[in-house]
């Protein structure tokens, strides 16, 4: 393997707060250690369309505290085709990129892995997603900020819920994984969470009503994981029909959960793993994701990182149940 | 008229940040000036159901920075009936309440006015509503906080809009009045606002598209006043159909706009008008709303305060048009 | 007077949140109405040193929500000299600037006025200062954000004050004017404010202690206007000596009060007055400040705007006294 | 050992955001599992003075999002005496408290351990301190909120630093441990951190100046750990003397760092460890601290938790050095 001189960097998939801090970290640590940095715009589409520019330390000044991603991002369908990957590789060669750092979630890192299996490119992944659905890292970049945003929103909604003595169903992200809902319910002092992991055989609302909206609590907040069929609107409608005595409202947080100034923790995670990505390249690592466990940078094989859904910690269900009495 | 010894206080209608600061101000200024304070829970329903308790200065400690209302609030339908008003009056007499301070919006103050026309009760209104739809006061209590909340939300959404180069339609409150939408569009640097005042003869979306989503701006945020028929979802659907090349998303802020820590300005407005209400009672005023104009407390006849929709300042349309180029 | 084609813009004096929104508004409204825009860096020093660049609408993209000023700012001593002013004028002529918009506080607008008295330059002022010390405008750009920042800080400090049952002296800006201190004391529910306007003949601390730190309140927050001799440290030391039974602490907010995302209100004020400045130029106005009163844009003769200290509304002292019982 | 029926709970030492969430968790999980809860006011002083009351689930309603501690807190000198401990124990017996949950930092847990060595009381510690100086837990309750508060403050200060092109020395907590300073420097994009761990043989300022305030950066932020002798003021004074060409300012964050709404993470940590404390009692654990490692609740022997200073991760120095270029 030839010596690596030039590192390409891109963000892919849904934007997450802290991606800019990661771009900054890779760029600066790269330059500090003697590499050239090439920034790729609009995710994999930018590789395919050759939207690639040189980056200096100044390009990443003043972005550590900005949400979103200055490199833009997209979910590329072209990159899933053979033709797209071929074009991307041609541009990588043309631009002289020796290693590619991809900041994104499960789908984006899968794309990087498949690409690296076909073409001889050193791919390093950084866990940039609010969904926290990657294996081998305690948290993903963006998750902590999103948790704080949700909790701040629920704190606001509680003012109205208590003033009007209403039941609120608040929908948060996490189509396939309930820990955003479960954890934000714990953190916001919500009365219940309705999550995909618990939907298998029992109807959660029945469960919830069975336990009883306690008499002493006239207002109530239920956090619901988004779902095409049984999201917050679905449960609110059912309660309205079956328990018409309650004043029921819905709030869907939606895209509010993505943006915003990244939290201290997300900035540190992005900074440490960004530098870790450069060190991994220097050590000759390939096709790994850089994460953090126990406050230490770790390298996780890409196939491991995207391996499967993170297990849901069922202890969290107990925590919410006992503390919402 | 007998000397006033006891002041009753209630919050009514939609909750607004700063209501607690107003409750605190009326309670403390009342006690400071020798009155007894009786707090009425759940708006006019609490008058009808005699949910009335004595308040001391301690009851209002530590609430100036809390959203919502510790007195709870409701939209009372019973109070619109003769029977309801009769019961309310009976309880007022029974509790020895000589003057009633009502913190609420247009509907709540109208209720107070009609009540005072039938029964000999000194009613004083405080403009407590995020809708800013009362006449004779520069702002209503809650409006400033809500504006800041909307702008903070749009700042977050913009991170995603720019990162993904999308068009966002963001729906804010103001079914009948567009200045929440228009002003928040100006403050958040949005590209356009769609408001009821401008819907009369021209289709706003056509207007907006005619002017063109400018080529230099690949992302775009449009603030839309909520509306049963033509809210954010309506316009988003039309753009998706007519301009399928755009990536269009919707965010409905909904109840997020109500709660939260009141802004400095709302706390000051609530404090000054709350004290103003007590002074008005001492001066023998009746059936007025206490507002602020040019940083000075003013008394506005109740009939004047609720008179009509505040005029929409069409200059704001020009400001947005020129600054969003 | 020849037709004005080119508008210069600069920020001067202490930075204030909303200055960027004002720069954006002048630039965009200027370009919208056919003017060229020239941005001057580092205040009057940039005029003297010819740090002047052309601005397009893109230069002011994405800055409406940023604190500080992208044009940098400074307090220029050179501009107070005849030589400095001469150099500035030469550069204005050289760059073809016909009108100059100055965003700054009392000192900066005074500089503009004196400059316009000597040289034939159309100077328009915008009230950009957190000090709110300009005449003829209800508020200055930055004041509202600063008030919110102070109140947020005091909310935080109160958590500790109550948990430890301490007396906190919190120092805020306003060397010569007490309304930042007085208003933030009202808004944060502080127990007292020590302000320059009330220092004349009576010692405020004596007054404060005489009224008594009430027995029912074991914690207490006093807001103090900054002062070279009798700021928060001075009063804290005296209480520690004279009342050793209290646990007394000091917090000096200092530069924290300047920066941060501007509030909705400051952005609207900056946007409306920024557009107002361009309209004033189009109307042939000279040597005025553009402010807002009662939500309407007004033109104030520069000499009037800087005329004298804004009168202190002594009613605010009463509000704090009655509501802090 | 007799069966435990009644759990006492207190907060001790400096207040930390999330203490209320911990009080709520212990109270509710305790009641859920059949225990009586007795709340002790003012830390160990409340044990000595018998300021102890029964708590129900309602006592802890609406506090999960509040900073400070509703139980008040203090640093007790009496509890260090034999007489104090004897009185405390007598009251524990009198009140029928079988197990005591102490929420506090290093000093408070040391107090609990020494107490448990002399008297037969089951003591369980929860890591409640912003200082993050306890062993065996990834984080302490309050640390994450404090980090976010510091970063938010530095974000504000940066606006002014950049606008005026100044050097700011910002002093943060951490007299004996530099990771608050080092981590907040990384997270805020500061140019340098001055920490106690690095002061041993080289003067840090010399080091910092040697590396050079780079020419490309005209503004600069240095985070300094508080120190009686060489805090922010000390370094600012030295720079002013040795490099008079710089415009140098100081901001001491002080007590601002303690209060405020706890972050999502601190609330979850407090909730999980609070429940963990009750489970530890049920399992017959004694004299342990409940912490979290790798998102799992762990029991740490009290002597281990307070054992020594957490090791400083010198990798963080490298991260800051490389990313601040």
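Order as written gives the chain letters A, B, C and D; numbering starts at 1 within each chain.
As a working rule, contacts are C-beta pairs under 8 Å (C-beta built on N, C-alpha and C of every residue); 3 or more make two chains touch, one makes a residue touch a chain.
Predicted model only: the values in this text are computed from it and were never measured.
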Which of these, B-C, A-B or C-D, gives back the A-D interface, meaning over half of its contact pairs coincide by residue number? B-C
Centre-of-Cα separation between chain B and chain A, whole angstrom: 36
With chain centres taken as the means of their Cα atoms, state the distance from chain A to chain C in Å. 40
Cα centroid separation between chain B and chain C, in whole Å? 28
Chain D, residues touching no fewer than two other chains: 155, 162
Make each chain a node and each touching pair an edge, then name the shape: line, ring, star, complete, other. ring
Within the complex, which stretch of chain B touches chain A? 11, 15, 17, 66-69, 72-74, 149, 153, 155-160, 162-165, 168, 249-256, 258-260
Contacting residues of chain C [partner chain B, same complex]: 24-25, 28-29, 31-33, 57-58, 62, 64-65, 138, 144, 147-148, 150-152, 155, 162, 183-184, 186-189, 216, 261, 263-265, 267-268, 271-272, 274-275, 293-295, 297, 313, 315, 318-319, 322-325
